[in-house]
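Should a chain be cited, it is by its letter among A, B, C and D, assigned in written order, with residues numbered from 1 in that chain.
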Amino acid sequence: MEYVIEMLNIRKVFGNFVANDNITLQLKKGEIHALLGENGAGKSTLMNVLFGLYQPDGGEIRVKGKKVNIANPNVANDLGIGMVHQHFMLVDTFTVTENIILGSEPTKGRQIDIEKAEQEVRELSERYGLAVDPKAKIADISVGMQQRVEILKTLYRGADILIFDEPTAVLTPQEIQELIQIMKALVREGKSIILITHKLKEIMEVCDRVTVIRRGKGIGTLNVSETNPNALASLMVGREVHFKTEKQPSKVGKPVLEIENLVVKDSRGITAVDHLNLTVHAGEIVGIAGVDGNGQTELIEAITGLIKSESGSIRLNGKEIRNLTPRQITETGVGHIPQDRHKHGLVLDFPIGENMVLQTYYKEPYSKRGILNFKAIYDKARQLIQEFDVRTPDEYTKARALSGGNQQKAIIGREVDRDPDLLIAAQPTRGLDVGAIEFIHKRLIEQRDKGKAVLLVSFELDEIMNVSDRIAVIYEGKIVAIVDPKETTEQELGLLMAGSKRKEAGVSS
Amino acid sequence: MLHILEIIIPSAIFFAAPLIFTALGGVFSERSGVVNIGLEGLMVIGAFTGVVFNLTFADQFGQLTPWLAILAAMIVASIFSLMHAVAAISLRADQVVSGVAINFLALGLSLFLVKMWYGKGQTDQVQVGFDKIDIPILSKIPVIGPIFFSNGYVPSYLAIVLAFVVWYVIYKTPFGLRLRAVGEHPMAADTMGINVAKMRYIAVMLSGALAGIGGSIYATIISRDFSHATISGQGFMALAAMIFGKWHPLGAMGAALFFGFAQSLSIVGQAIPFLKNVPTVYLLILPYALTILALTGFIGRADAPKALGTPYVKGKR
Amino acid sequence: KEEPKKEEGKASEFSIAMVTDVGGIDDKSFNQSAWEGLQKFGEENGLKKGKGGYDYLQSQSDADYATNLNKLVRNDFDLIYGIGYLMTDAITEIAEQKPDNKFAIVDSVVEKPNVASITFKEHEGSFLVGVVAGLMTKTNKIGFVGGMEIPLIEKFESGFIAGVKAVNPNAKVEVQYAGAFDKADKGKAIASSMYASGIDIIYHAAGGTGNGVFSEAIDLKKQDPNKEIWVIGVDRDQYEEGKVPGTDKSVTLTSMVKRVDVAVYDLATKTKNGNFPGGQAVEYGLKEDGVGIAPTTKNNVPEDVLKKVDEWKQKIINGEVKVPTTRAELQ
Amino acid sequence: MSENRLTNILVPVFAVILGIIAGAIVMIVSGYDPIAGYSALLYGAFGDRYYIGETIRQVTPYILAGLAVAFAFRTGLFNIGVEGQLIVGWLAAVWVGVAFELPKVIHLPLAIVAAAFAGALWGFIPGFLKARFRVHEVIVTIMMNYIALYVSNAIIRSVLSDQGFKSEKIHPTASLRSEFLQSLTDYSTLHYGIIISLIAAVVMWFLLEKTTTGYELRAVGFNQHASHYAGMNVNRNIILSMVISGAFAGIAGAMEGLGTFENVSVKAGFTGVGFDGIAVALLGGNNAFGIILAAILFGALKVGALEMPSAADVPTELVDIIIALIIFFVASSYLIRLVLMRFKKGGK
């Protein structure tokens, strides 16, 4: 059996914490090999070791049978190893081409030969079907294209062993399908791929074998054809996991959120939300399905007051809240789990405790006559940490030190605890493992069952289908259809999201 | 009117030249992600070295002395900037703190040495300086010639040429691309096999070299000696020029020229008849007020390199 | 460091010390002059430098004046000088606190019984260099560059203008203030603009800012050796500062010297002899040789002009001519 | 946790020790006697009650300038304009001190408030421009320093005196000086300002750490987006931060105007206190208690240095070198931490 990569008994320790405990992973030539594990299981760490970003504290690495010492990413590049990182490694202010050639620039004299570079990028992108605009700035292109740039970076360097660290977490279903096709094409070209993903469906669809790790330890490697999602999930979590969250039929009450003819422009002044109408009632979860960039972000930011809208009306329990300040809107009874937890959700340098009162710090009992009451704040924090299973050494730990999943649980705890009439959840489970997803879905449904309105925005069709009571499809800033999840299919939704079909009947509701 | 320009422009250029050199140094350092509040101190070192070299070797090197003095200032200041580099890059120091330390150290050390070597608080005056020149041919162009190409100093023109060179280096060469990448997203650069620390070391030392030139030409052309007051605030003005110019070499040059222009306007203004009765204070604050107005009115916000000020630690997210 | 002469270093000697402002004892200006006076006195009286002899302390900031003066009091110096008008308040205060100590202040007046005040008639000296400028100008345009707009510098300005006008009513004097004593770049820019506008003689009373004036004049002279441009120095003989490299010429036309050394020496001698003029303000003018023009003036100024200068000097000493000290008096 | 705190305290202590050792090496290398040098330094700072008084007097504005820099720093802003804010504060305090005749209980506080107000105004401008136009506060504060210098000089000449170079002395009712403190310290210029600056340190600590406003300011300093999301008025907080920072700086000016000098004179250049404040703040780790200690160190070094040339023939500049090295070692605390960690591991 020919292995292109062998990571044998790899051990990696951070301080006193063992992130990788004698993990073994062997990659065959021409296969797509999944690496599966909970958040914080040590997947990224293991791959960073392979890519030369970390040095292992034990074990050995062989590339094509030869023992190697990967001291830095340069060595990895030379060995033909390329990595698409979980958090994109792109320079926002550079063009696509500049990002791709960075570090091995073609030159003409002393100068970068940018025309030649663009030509090469264009050729490469055509050859692998990775559509990119070589002259576009990274900041101006979609997440999907950014990812294609990441892949091109590795191909440009001639990598034949590719590591994808959670590439699909940030993609829309369409983009995921495209990526799957790309990976298959790459394998046909003789490349080998390690794929990290939390989506078992994807593993079943494209992978040949899967290695499961749990809490830093290797659990084993299986052939995908000989296993199933349920088995994989329990292997990785160590217990039974339910994919389909159980829920009672909804008891729909009066309208809580009513949006009429809302118009919002994005930061570049282009109309992003275009005369949009939507109603969310008490006791229901409305899921917004749509391809990224169809106005979801602007819609939510307009409702929560983060940006100003042009015209229309937004009423909460009958009260007009359009263009009020975020504070006024929060106080009217809106909770918001933001899409970008690092940018909006948390003050990463504050302790968890202080983050837990980010919306309420100025109110009793946390503040009296302008003076903070730390006892009340940290009592509350301890209670939420307990209730929402936030894994942290203590409530004084900086939010920065928590893993993404736990940061997310903290935010959800904070928002749900305020018991808002309307809870807006934007991509609440992005990048989280199945266990954490299950937990968060339960919490959303709990809110609904308490008679609150929930507005869920997600690119994950699974999530939308599972959790929502009604699905509103957004396309080019308008709600183009309202469908019942029980009466629709992913195919139909996909078509609606692509704007190729309209379901006029539902629109007015 | 033309006559006034013939006075204002050359003096704006000579005033701006030290700022241009130093601000270009700042551009290198900060583009690589290292804050450099220490520009002032690096200029001090440059001025000190330039003057001391000039005084010591004037007899040996004759007319070549000021040029060699610049070279010496460049080398010494870039070695001095190594302290900032070590602290900020290898020792993960707070870059502002280490820059402030550079400022204190530069002034303290150079005055200490002046006292030791010359037995007094300031050096003697340098005897061999740069000559004022009219650029051949160009200075003969009507209108433009007398305004831009007469009565100038070679280093002043070099400063302007250098700004274009730096622009070329930063925007057109692989080195520049890597430098900017390191300042925007060091981890991305790292994964592309670029040695982040090395790039930053080079950038900081370049900033030392250029600030050294700035300081030494200031001392050689303008003050002609070195004392505690020789460099007093020019480094901060250069820092302001760099930010004003949005971390862009040509922008920094433009901003420095703008300062120079405002400064000489405030001086020539005192001689313009209808401004005679304006109290001096208005003319004194003119350059600074103009800068604030310009920033507010039409320059607007500037975005610093994203990784500016953050030490790069491998594997840290 | 000079070896103290042992046999003369008796403890009972009269000791003197001074506090400089931030300029230090080599500021090429009044601090340096004062220190020279002190040194001369010390050497002539066989004192050694340091405690019990003659000494100085340099201030790093305005806040140090009082501390430094007090330090000298604590070190039992018999006569303590504060050099510069900036020290007025500090001397006033400490003289009050230590009525048994003797103090002196230069360039300012402090009315305390234990303080002797030394001031200079800078306007008189400036008048003389004004006469030189008025007679020497070819363009009838003359410049004055001041450091900061304070009464002291106004004395220079007024006296100078009066001197120019006295001999050459057609000459115009342009006045500019740099706003600081340590901005050589501004001095240079001002000089550049003045020379470019046809001014051929600049009198500076601007300390370090004046360095810029010299550097501009020298550079212009190097560029075109036939150019007739001049600088008039201040406080000390600034002939050397004006030396054009590669030649034996200097752009320094003359200098208005202010003999702080003479005054300081004088006072020390009087005090040693038991004639401390406490509570008095001694003003040093032309008559007392406290101000005047530098001896090097003859290098660049012809005999007949020097003769005229002498005539005016006599008139001032005789009281025939009264030199204004402020712009108001100048009118 | 507590081990961490110990390291945090040890780091500056080591930095100071290393700085002093390095200073000694510099003295030896350049042929001076380090023991004589340091004895003179120590004597000049704490040698007798007079010197102690002078040291405390010097510490007073350092604390306030340090607080001003630190306050802005903690909220994500770099205030290089403390120098200018101090100058206008000084001017305003003396103005009130000269222009009014009031009972002390009203006059003194009024003068201090005026200084705080003037400093706050000087801080407001860069704060406002940053909030409204996103203009970088570093440039504006640098420019405002020069404007403060020239404008206050012009006002001293034309308003506070008749074309003179200094104002009249303030009325005793506005003075911070006291016979008692002077007799205690043998006529040093020590004044009650030290109490005010210590109170200011407590105020800063309390404001930032204990109040709702402080919570907002810190949040905005760390993450403007999250603060906006949480309903805070980001622009208001930026302005507020600069205003409070400026007020501290203004009060530092009042200490000079109402205590040390009791008047204000035309300045030939910057006082340097504002720039030293940056170093004090950084050395003090931007926290109130640390700033007090750093200011004491700074004040003692500065005042003590004056003794070195006459007593040990060492140039005063040596102290600047020592200060620089201390700051440098604090900045490079990572190194010290590493060594400390080694040490601990070895010890176990």
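To be clear about the criterion, a residue touches a chain if its C-beta (ideal position, glycine included) is under 8 Å from a C-beta of that chain, and two chains touch if they have at least 3 such contacts.
As the structure is a prediction and not an experimental result, all values here were calculated from the model.
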Per Cα centroids, the chain farthest from chain C: A
Chain A and chain B, separation of their C-alpha mean positions in angstrom: 45
Separation of chain B from chain C, taking each centre as the mean of its C-alpha atoms, in whole Å: 34
Centroid distance [mean C-alpha coordinates] between chain D and chain B, Å: 28
Averaged-CA centre spacing for the pair chain C and chain A, given as whole angstrom: 76
Where chain A touches two or more other chains, by residue: none
Residues of chain D whose C-beta touches two or more other chains: 150, 153, 269
Multi-chain contact residues (two or more partners), chain B: 229, 232, 280, 284
Pairs of chains found to touch, sorted by chain label: A-B, A-D, B-C, B-D, C-D
Partner chain C, residues of chain D touching it in the complex: 44, 50, 54, 57-58, 150, 153, 157, 163-166, 169, 182, 187-189, 256, 260-263, 265-269, 271-272, 302-303, 305-307, 309-310, 313, 316
Residue ranges of chain B in contact with chain C within the complex: 3, 6-8, 10-11, 14-15, 120-122, 125, 127-133, 151, 153, 218, 221-225, 227-230, 232, 234, 263-264, 267-268, 270-271, 280, 284
Parts of chain B lying in touch with chain A, wherever the complex brings them together: 168, 172-174, 177-178, 180-181, 184-185, 187-194, 306, 314-315, 317
Interface residues, chain C side, partner chain D - complex: 1, 50-51, 55, 57-64, 66-68, 70-71, 74-75, 85-86, 88-89, 94, 97-98, 147-152, 154, 179-182
Chain C residues touching chain B - in the complex, by the definition given at the top: 22-27, 58, 149, 174, 176-177, 179, 182-186, 188-190, 192-194, 196-197, 208, 211-212, 214-215, 218-220, 222-223, 240-241, 243, 245
